[in-house]
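Multiple structures are listed underneath, in structure tokens.
Look at the two complexes coming up: subunit A is in both, with subunit B in one and subunit C in the other.
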Partner chain A sequence: MDKMTGSAMGEDTIGAIQEGIRNIAAEMLEAGEVHVFIGYEEGTLPLRTTPAFLTRPEDAVRLVWGPSCENNLAVYLPKFKGTVGVIVKGCDVRTLVNLILENQISRDKVKIVGVPCRGIIDRDRVGKALGIDRIIKKAKATEHNLMLEGDGFDVKLEFQDVLAPSCEVCRYPVPVLCDVLIGDESMARDRKDPEAGYLEVEQFAKLRPDERFSYFAQQIEGCIQCYACRQACPLCYCPECFVDRQSPKWISRWRGLSDKILFHLGRVLHVAGRCVDCGACRRACPAGVDLRLLTKNMEKVVKESFQYESGLDIGGLPLLATYEREDPDDFIL
Partner chain B sequence: MGESSHRGLLKMAKTDLDVFVDTLTKSSYVVLAPIEEGEATKFGVVGEEKIKIPRLTTRPLKELFFPEDESLLSFDSSGTQVASIDMSGVLAGDGISPRVALGVRPCDARALVILDNVFASEDYRDPYYTLRREQTTIITFTCPLPGVACFCTSTGGGPYDETGSDVMFMEVADSYLVKAVSEKGMGLLQEVFPLSEEGPPEHLCILHEADDEDIRAAVEAKAAGELPVDAGVPVEAAMAILGQVDAFGDSAWEEVYKKCLGCGVCTYLCPTCHCFDIGDEVTGASGQRVRNWDSCMFPLFTLHASGHNPRPSRKERFRQRVMHKFNYFVENNDCIACVGCGRCVENCPVNLDIRQVLTTFARQELT
Partner chain C sequence: MLDRDTHIEAFSTMSSPQAVTPVQSCADLPDKDCVVLRAEAPENREPKIVAFLCNWCSYAGADLAGTGRIQYPANVRVIRVPCSGRVDPLMILRCLQRGADGVLVSGCHPGDCHYIAGNYLARRKFVLLDELLDFFGIEKGRVHFSWVSAAEGEKFADVVKQVTETVKALGKPTKLVR
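Let's turn to the complex of A and B:
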């Protein structure tokens, strides 16, 4: 894996990481270290990859790596019985850490293959940059660019203009916990200053309450209650979500704004002190509902009040499992 | 020129679309067309803005007829032993006046004919759905820009398919060629844009007869328009396998569902999916019986009161979705419950592609 270090960046880095992933997956499956290896394979649409569940070493060649590896694969882990190998990005592994902390999976049942992350592409941003209804037929990512081809156009976008919002402010692009790190830390994007991520939240907090309400109401209005956000979030693992309870019933059959708000506030509060801003919920949404300002603000409150950052350490207790008399409560209205 | 002109191909300048819509509105039609809601698009009452017709709305046309929630009846048991039940509101139209859905794509229009099997068949006529259907004239725009997930031509439709449409608008250069394909569509054009011996009043002068050259252009556009759509999805071959008695136990089911997250994206956005739940929403002594969308991908869908669930995992739920579309529905109604619109393909958070699933089953034997 020598050629991956040093200056061999760009397309080569992506290729080298992909090669590294394939080798590790094949090795782990060959040696019987894992029963299943979960990674990404080529998707059926441009800018898409799709989760792959491999059981045979010879299938490892199907695995791919690149900035379209957008899914957080940790979501699948609690379902598996045997030992599982899984590819994680910097954010993904923090949800995995939480799953371990919360006893949803055991550390010795998962082989974590970390990738130094350079960020992933936000398809909505690509769509906006390109203009609506231009159908992308082919996409290719390199170190700094995204090349898109379609009928009558051939466009080169700056990678940083279509980067997912979470990646822009990512503080932990190198997985904080893994059994194997592909390549080395220098391949990851630069760590962002913790405060960078809160600028937007702080701006937003300056708005009047009714302005803030109407922003969120507008986001939530379009929700079709498909619950893809919940299903894509590794931390939403409750066997029965409160919105699915029949007795007591929390939300009605009316698909009105107040019921939708109840679902979203409930969900966001349930990931308090746990959410790692991986963005999986936002990407899963077919209606473009974006509540990141809410989750990000909660992250900020938790950090400032308890000096706690979610998903960094498998030792100790999850934040919500601790209590001290001196705990601050000034964030409670 | 007599009334018969409406039977031929008409022509309208693209720039007259807003006048067209305006004229419909002035004739008391509610015009429903693609509107934006946040990042998504759906059919809704058009406002002041210019009409913009996207390639395909994010949300399907079906919700104009089968909305995500609706009241079936209201009841009140205050003061008496027996509740009084009131369905009159809905059945009297409940404010549903004659409507025109404009800017529909052929796949969505075709899907309505499929839904009619469920809600407006000889055996069963759902009064709510049927009323909305009757009150709505469908103006379909042929599809100039099929997407990469489209496979309508593999499911019997196509970008120029007229099934389910009342009027077709075909884009040719700067014009729309306009064709009434049903009696209802013809009726609408004749009512709103009447042609008389003296010719139409000036403000209605936007529809003209198409000439031979237009017709030739239309034929060419049609031939070219169908080419980019994926016609190679082996729907028939997969159906042959799925139709076998033991298809339920095929080993591929163990694999194909694995990445499914069990969300409602593919079913809620599907123009042909039609499962619903019914329950009462009660406050005090009065309430309403509400019908809302439901999805076979949710665990609650088949959960029995006993706690038993005949479709205990995502495997059974995913199998149900595929089998319903390509086997059970076909047996019951003689048509598949998929129009190849590609919404489920494009919007699935994990890119679980129904085309690939069909390809998996398109083989000689069960395994």
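Let's turn to the complex of A and C:
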């Protein structure tokens, strides 16, 4: 891996992956292996990419790869009837595994193109590093740096400083399941220990209950109930979400903290044992609500109580569809 | 000013002996507010506990406690469910949201489920809910789970006593209430 770390080489790594993606997409579409190929194309703004749905091989040149390819493309899969080719990062593929496990898509209807992931950038962190009112006109990413240009500034940021929080503690940067892996495993980030991801949660758990509640209440207060988090989440595929139900009406038209809390707790419970910390909900939120601590804590609880880790295996049963006689029950009277 | 529940609570306290000693000076308050103050005073406040009881075990256990004339606090409001596995964690949250002081979910002992594995599946959900509420900062002790069989009238009474005491000690809920 050290051999690859020169900045010129780094640029090449990203370029090589992009080239690989374009080739494989064109190949698959040409051969008629897939009806649609889902990847990323250049967005309308710097540091933005947008999902691309390709049906013709000649369109493959539109596809791009880089640290701003943030969307979890697995979210679109249950919507397609034919065979679909899709680009996945390490976290995305784990949601895809869950979709297969829960019979939302069938394994033979999806061609998984895995990408060894170096992490994606968090635009909030970029904004913070740059300061306010700086409009980025041009952005370029290399292995270790992010070059940003705009009116009157030309900044070189360390990639490490603007990495998304989920990526910082990523345990599976290399897709656990794929038909084709672009490049090789050495191009991915180093695997982090599971404990590293739980440090933040453990620190937070040391606060008094009131302090914890007021932190979450503050976050949730900002929620405008647009449900963008639900839309962005690949695991929120219910045809009728509990928040949309008329009977029972879980969430009323009244926009108060209590109802917002019910929504967010309900959502965390619904993705418990399934969430893979891909960060799609957090990125989708227009109000900046960050409840990553809640989902991360659930992941920790699930791991400690049931020795289960979500999205690693397409065999077996989902966490809550099965049980063990020895499950913890010391809390039961 | 006063919602329906507070009214009912106020009137029920008026006729109970506990209401005789006011805990706070309410000399310059109108009569009805004074009653509410007494009803809301921590030591006079009787918690409301919603109990989801499984039809096959705990509900029958509660029934046995009744026919056996075993005394237990009248704070529980029983909702009969076909199985503890029927209890969606959202129902528990909804109870807390609508002002219940506590929630008790009771089902069959492991291995005794009428539907073979309903209580085992429920147990997994309850582990998650329990940990989630704790981490979220909701007081431990608002939500309780128990296994009570149809033959355990005595245990049901004990569980209700224990739950009522714990919930009473926590005082009035504020965090999730609408």
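Miscellaneous remarks
Criterion: the second predicted complex is superposed on the first by the 319 of 333 C-alpha atoms of A that agree within 3 Å, B and C clash if a C-alpha of one lies under 4 Å from a C-alpha of the other, contacts with A are read in each partner's own complex, and residues count from 1 in each chain.
In this section, a contact is a pair of C-beta atoms (placed from the backbone, for glycine too) under 8 Å apart; a residue touches a chain by one contact, two chains touch by 3 or more.
All values derive from a computational prediction rather than experimental measurement.
By the document's definition of touching, neither partner reaches A:E102: not subunit B, not subunit C.
By the document's definition of touching, of the two partners only subunit B reaches A:V289; subunit C does not.
When the two structures are aligned on the shared chain, A:R325 is found in touch with subunit C, with no touch to subunit B.
In the superposed model, A:K137 makes contact with subunit B only, not with subunit C.
Using the contact criterion defined above for the overlaid structures, shared-chain residue A:E168 touches neither subunit B nor subunit C, since it reaches no partner.
Contacts of A:G222 after superposition on the shared chain: subunit B is touched, whereas subunit C is not.
When the two structures are aligned on the shared chain, A:S305 is found in touch with subunit C, with no touch to subunit B.
Within subunit A, the residues touching subunit B in one complex and subunit C in the other are 254, 256. Of all residues in subunit B, only 37-40, 54-55, 58-59, 68-69, 145, 147-149, 255, 258-259, 261-265, 268-269, 277, 279, 281, 290-293, 295, 298-300, 345-347, 349-353, 355-356 touch subunit A in the complex they form. Residue ranges on subunit A touching subunit C, taken from their complex, read 205, 209-217, 242, 250, 254, 256, 258-259, 261-262, 265-266, 268-269, 272-273, 293-294, 297-298, 301-302, 305-306, 319-323, 325, 327-329, 331-333.
Subunit A meets subunit B in the complex at residues 43-46, 48-53, 71, 75-76, 124, 132-133, 135-137, 218-219, 221-222, 224-228, 230-232, 244, 246, 252-256, 283-284, 286-289.
Interface of subunit C with subunit A (complex): residues 89-90, 93-94, 97, 110-111, 117, 120-121, 123-132, 134-140, 144-147, 159, 162-163, 175-178.
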